[in-house]
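Scrolling down, you'll hit the structures one after another.
Two complexes follow with chain A in common, the first pairing it with chain B and the second with chain C.
Then we have the complex of A and B:
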């Protein structure tokens, strides 16, 4: 389609650049606008009246405002994965090639079948879905589909967002929010004092209402003053000016969040820490509430002035003004300048309230609007005289309405500022001087026109909330049904719950409720203001945190060596960990089985660097560890290692690991990978908050040391081949030993410990030597049949051995006794968790206890996650006796095995139970056995 | 006999690629082989004694000192990092071994636990400042200042060497992850 002429563009005027013509499309039609336009102003310039459909009734809607308060002009901007739904046309700077589509209409905006909902409007009042979809109960699946289809506004893109979003931290001495006159004055003063400041504004140009007001500033025309002010600020290197940037959260002052909308759909989230914040957010003009107040062509008076003066647009040909305050009278001059005929000025106040009697314009004092005409564009009004009810009809295509001004205090309230209702303006003002941020200009009520109380609207389709189609009838109904509190009314009727967050509806709604309830607006109160002030794109919130950079990723010092060895990695917590090392196209199961068999028969090597490692030093270190671990450590000799169990204060098992004594007052703890961070915090908290008198120092050395475990019958041969500078035979270096020395010339700490159940050693070396260690082990191990094994093989072997693991057996509910480790718990000393560990509930009968399970048929792998029952699954309710924590086919034993937590399991060895998985529709009969399937006597481990 | 292997660099490949198309005003290098010792003690009285033992070179909290190729970075009230490009950990401690033991000051060698990135050039501070929750701007984070801070969940220690040069101490396992963030930030200007 060829470009439409800009039929509603004034021949001159405005702050647009008429030399820069821009082409754009809306719903597939091509139009033209100018540099400096918004999508909204360009649509108006092209005579596009209809920009959207309302949410519930799909009523045709035009633009109401010119700012972020816009409830109607929501569009989908862009195409494909760059598309953004629910953007306000009033806030989208026009650019060449812009593509926008209307929302919530099918098959098209001008002919929307959804509008049939309007025919049933009388049945679709507030809360109708709560009442309607209850019966018949069986129809709910049908209703659900309907509701899901109708719910939501706009369609997000389905694929990855190609835009580049980012987070940007910034500190400053002063943040000024809002760059209208008051904000510019505040910024200029601070800049003159040499302060480092940020001035932000949600519009594409700074200046706010200076673009359309006429009052001189410092003796200059508003725009001339504005130019001067912005130029001064631009030249100051300590000033950062941010247009197209919305401050949307002040909830955690001095932290303020801003969203900057940058070209190309790239968003930047500014995380600002400001010494001081000035809120100069201005005020939002309120609509008036009367029947049919939502037709295209009915706009806020200030918006019409803005479109005329800022964009050189003529929003209509024949206008009427309706107001309850003086400010709308100022629009007369702008209408005249745009050659728009004024058919009348309706002042809802008594005649004597008018500030002046305009020449040549019929004034209807003490009138209100009884109804409007026109479907997709306003055609006329019916007025009702307040004294005798007589009616007057007026023809017009543009209605300017002004219901007073609401200071923009959402951010102030988010920051904890208290609001007070000011009857003079019918809106809230900051309560007192002890506010979390300074409020200036119209946001503080400065220059805001006094407003007459709003008369109660009567008649159908008097909209309170345009976006969510909430009418005065809805509020009346909700109150009749007992929803008296403003918070309840908001949620029941959805007023103020749209993407505009009630910027144009909240005050009207609470004034209406106050009048209906016969209470003061102050007594009615207000709803809670929460971030965001305006919708924020998810891209800005995520910033760089997506895909590869979704979360921080840790790599072990052996990462490159693992890659070279062909590891397939898996994320374990923050760590990238080798899962298995497939050979020649092996699948995972085959690779795991091979790695297990090789380790059991020869020798394997596994990267253990992710284990938490905490260095504990200080004269009170032994005392500290005695309190932290529930097993006895007092007699741990230097050069020895002991398995340690930590309890939480409630007696539940928290973590397990090793404690190595390197010196009289020097220990090294290892923790599980999963709990390393938590254990670190736990120990720091205990030291700093509970036992600050203990002279100890804690240092996480996880990153400083690389760790390899070698395991298998040939592990000692491998170790010997590596040439340690101390003896490693069974007698010299027995099980549970630790020693520092050199291995192949590399500095090491050698541990004789094992998680796999094999003869095993852990070799720790400073992380920078990791690859050298790997290389040395690889070379020395080759003749011995060394193969690396991954996380999965390690898990298989620990299960075969019956070793417990965090997340499966240590699950936040089990105690050492439940897991067969009760004998380790000291009965002599005091330790964290002792008192509650001894409570009868944790000691008595009925506890879930760790057992092994084997299928009776000897071949069926028990279903993972299965419940344990006394009988086979027959689709009927059964009592659960416990559940499986791990289950697999054992390559070493060549039959399936499982670990389970079974009620009183320690007394049930030899019993038969059923492993039942209703989800898998599987029941397997299993024998209860010891959890130590492999080498139960520990001959291999201690060999 | 211990091998004298220099600790390998971790990000050199990435830095080499970056350097070929680095934006103006920004140079990034990985500092190799730096010895980093963490000293810990407890109590204000020991702080004063330690300062004496260090010849008055114990910096105030959040500051650093440098002397003859050795530096001290005081990032917490009772913790300081001693750094050196030339001395080994044992040599660095040996100088003060007796006084440290007498004062009950403990030490841990963290040389292999950190990767140190040096960002220099007129854009260095701006880039890092825009990523960190701590104010690293020129007027607030002066030469010599030290701070531990969080950069998108990465715990780092930042040291201002001069107005256009900062060093970032990264936990080794997070180094590549941090590098990706840094690249992303630099690419977006």
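Then we have the complex of A and C:
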């Protein structure tokens, strides 16, 4: 651009601060603007006409509007990971050092190769992507890539967003959306009544059209009244004023969501609960539809007035006005004040409709625009007389158009308000007297200029929707192809889609469709309004809940001890859990193998604190547990612990764990780590919602107790060395025992249970004693060869034993019978899930059943996630017989093993199948074996 | 996002609660008598009306109580909230709690 600095800035006027000069760059060029500018006004002040290329045809586009309805002036703001695409230049407050880039142009805005698409326009009609590129068959994916690259609306940054977004919850007695004249009046009234209120506006300054209209308010100049009103509200402590804040969702009143755009790209999501909501969203001026109505220099009449009056910008030298209503006549005075020559005023209505006869301005009544000239900037127009079709040429570089006004009722419609077409203004108004929110001002149609219904012009490149490059021809074509419904038209032509969601195009499109179909606009209806009103950054929606702050991090009471022991941690659910404890220079596989071998040969210790623990007490506790576990518990003696299986009501396995009886009416349950929360909720629900008469109390004690397991042939030696205050020999404390006591002076609950398949004990102690317990075990274990083991070694050992695990085998589809635990299911009692567990579907043939798999070659680890098939994989379709749930190399057996869910697997022991993974391009022959790979007789366990 | 007036904690955001499905039929008794049809209806069938419906909600982010919430699915209006135990036992037993 050849413009000198701020060449298009008026010598005086506007609400900008001319003492505060700000430097910014657009597409690499450096410009200057003033404090109070938007990026759009600063670009105009520097004579930058071209702000973007259109979506489909890459036509040069300038600013159409001055507000959030802007379809053309979309820019990428900022650099690197802070960059944000698709922001409206009209809404970006200028700041020093601002960096913005245009979109949809390559290699650059003024010379865009994509504009060649304009030459191919006849191939890019409505629905082109459904019709073209279909030949040859199968080539679409190739074309799609090209089209997607060419299309696209902006590019998101690739890395994590460094900005700090936050959520803010707020209540108020009144929320006023829109701080123009009507919103300020509503806020002032409520403030005088002492109500606690929030007033928000999407623009950087409150005031709306007060900045550029001339009608006095309460006998004051609009700007003087505005200053007074804002000052009054600012001084009221019960009033919160939010600028740069868009109310974007009213779908769930009384909840309203606001996005506040704060300096530095930090956004704040306001989650507001308002006793009452007033919508003062104003109205948006509509463009007129005529051939070539999209050239830079063609703007909404109100936008030109806004730029002149609010920003002291002169958007052109020689202007023409075209209108179908009175409101555009008010622009004449603004153009005169900015010393812009007016080459003509085209009133599309008959001569007698004009509100007045302007001095010294040629008026063309009953004319319409037949075409426009100028490639990167408007140069002139051709008019056509409505009576005889005669033509007139006008030279101009600025066209102000007004096609009437559309009240901003998106939020009203989101809240469930019904809209009614008002022919007087050619747009919708609120239908109901009893509305979910009060609508005031121009949004309610107040002061909106009556508009003549105009036959919409026909001709090439008459744009209905600027952002999506939809022309009248596209709508005609879509209707000719049978897409007559307005919702279908939207989707087929993309009119009303995109980041502006048709703010300037929807009404024109539906009026056009109505005229073409010979129906009333009321009959055509309108598309559904859904949140957000304008695009919202995903960062604001996520707020602080991202990365490690997405969920709380849970650490076990042994965390510090684990750190000291050299644990490498892994995130498992919310838990930070020891994965393995590598010795010097060891990789993970070596560490796991060593930990397993040491546990199987000597003794190991593992942190089990994340197990869910639920304390059940009360006279009805035995009855309750009999109902919620599917296995028999009636004869569980005090001091004994038993494996327990819990079903869902539909008969599917829900969780496994232990049930320990500490007293006549006192039980302690353990659950899996993964399901701890769900089991707790499930039991509480059964008690509270369904069996409130059972006299029991449930308490979650997961966090109250630290738990570790010691396992291995020397586990009893270790326990004895720790000095328990009760006998722990084989006879006194056999398998499946539990009791409370002291260990090295620490209060404990001791369980003789084992997950690893070794002689093992679980020691629970109140969380506060955790470090003392670890220390004691560590000291006593050192002479016995004790080593800690992590989650991975634990998983290896459970797999060697064929023990099931939540998420792999307990997957929400399997039953105890499927997993080989059918004999545990009681036939003597009723329990939750019994009835539906007996469904033929769950009992019959064809179930996926748990089996072990071993590679026939004895050495290839079966591919994780592999499908099981009857034949090796040859790239053709095969019937799946099941799939692997876990697969690894067993250090104890010194060959690979796997668990799998195999169709009718319990009948297939000894068969050979294929484990195939097309992703890994691997097929491995495998033998079906019992899942109990290691010590199937359980001699070690009972040792 | 709806607001649920918890009888123990006061009005709270829906994010503090877990939805527990429709509170339709009474759970069949675990007396060895109930048939699969009754359990099928209890587990799988729901009314899913557009309008008032009774639902269970669990206030896990608050008092830890299961609540019986009567709610209009069309308007999001909360019509009534009771502690599930009170609702199941009837008003006479309120004193005990």
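Here is the rule we use: the second predicted complex is superposed on the first by the 904 of 943 C-alpha atoms of A that agree within 3 Å, B and C clash if a C-alpha of one lies under 4 Å from a C-alpha of the other, contacts with A are read in each partner's own complex, and residues count from 1 in each chain.
The criterion applied here is as follows: a residue touches a chain if its C-beta (ideal position, glycine included) is under 8 Å from a C-beta of that chain, and two chains touch if they have at least 3 such contacts.
None of the values given here were measured: they were computed from a predicted structure.
Colleague: Determine, under the contact definition given at the top, whether A:271 touches first (chain B), second (chain C), both, or neither.
Modeller: both
Colleague: Should A:422 be classified as contacting the first partner (chain B), the second (chain C), both, or neither?
Modeller: Neither partner.
Colleague: More residues of chain A are touched by which chain, chain B or chain C?
Modeller: With both complexes superposed on chain A, more residues of chain A are touched by B.
Colleague: Considering only touches as defined above, state whether A:702 meets chain B (first), chain C (second), both or neither.
Modeller: first
Colleague: Going by the contact rule set out at the top, does A:619 touch chain B (first), chain C (second), both, or neither?
Modeller: first
Colleague: Quick check on the superposed pair: does A:252 touch chain B, chain C, both, or neither? Answer first, second, both or neither.
Modeller: second
Colleague: Could you say whether A:681 touches chain B, chain C, both of them, or neither, answering first, second, both or neither?
Modeller: A:681 sits against chain C, while chain B stays out of touch.
Colleague: According to the stated criteria, A:552 is in contact with first (chain B), second (chain C), both, or neither; which is it?
Modeller: Once the two structures are laid over each other on A, A:552 reaches chain B alone.
Colleague: Which partner does A:656 contact after superposing on A: first (chain B), second (chain C), both, neither?
Modeller: In the superposed model, A:656 contacts neither chain B nor chain C.
Colleague: In the superposed arrangement, does A:544 touch chain B (first), chain C (second), both or neither?
Modeller: The answer is first: A:544 touches chain B but not chain C.
Colleague: Would you tell me the residues on chain A in contact with chain B in one complex that are also in contact with chain C in the other?
Modeller: 169, 271, 273
Colleague: For a test of understanding, state which residues of chain B touch chain A in their complex under the given definition.
Modeller: Against chain A, the touching part of chain B is residues 1-3, 5-8, 38, 40-42, 104, 106, 108-114, 129-133, 135, 137, 139-140, 152-154, 171-178, 180-181, 184-185, 187-188.
Colleague: Using the touch rule from the top, collect the residues of chain A that touch chain C in their complex.
Modeller: Touching chain C from chain A are residues 169, 252, 254-255, 271, 273, 416, 627, 649-650, 677, 681, 684-685, 688-690, 692-693, 829-832, 834-836, 838-839.
Colleague: Residues of chain A touching chain B in their complex?
Modeller: Answer in residue numbers: 164, 166-171, 196, 266, 268, 271, 273, 544-545, 548-549, 551-557, 575, 615, 617-619, 695, 697, 699, 701-705, 742, 744-747, 766-769, 771-772.
Colleague: Quick check: in the complex, which residue numbers of chain C touch chain A?
Modeller: By the definition above, chain C touches chain A via 1-3, 13, 18, 20, 23, 27-28, 30-32, 34-36, 38-40, 42-44, 56, 58, 60, 64-66, 68, 75-76, 83-85, 88-89.
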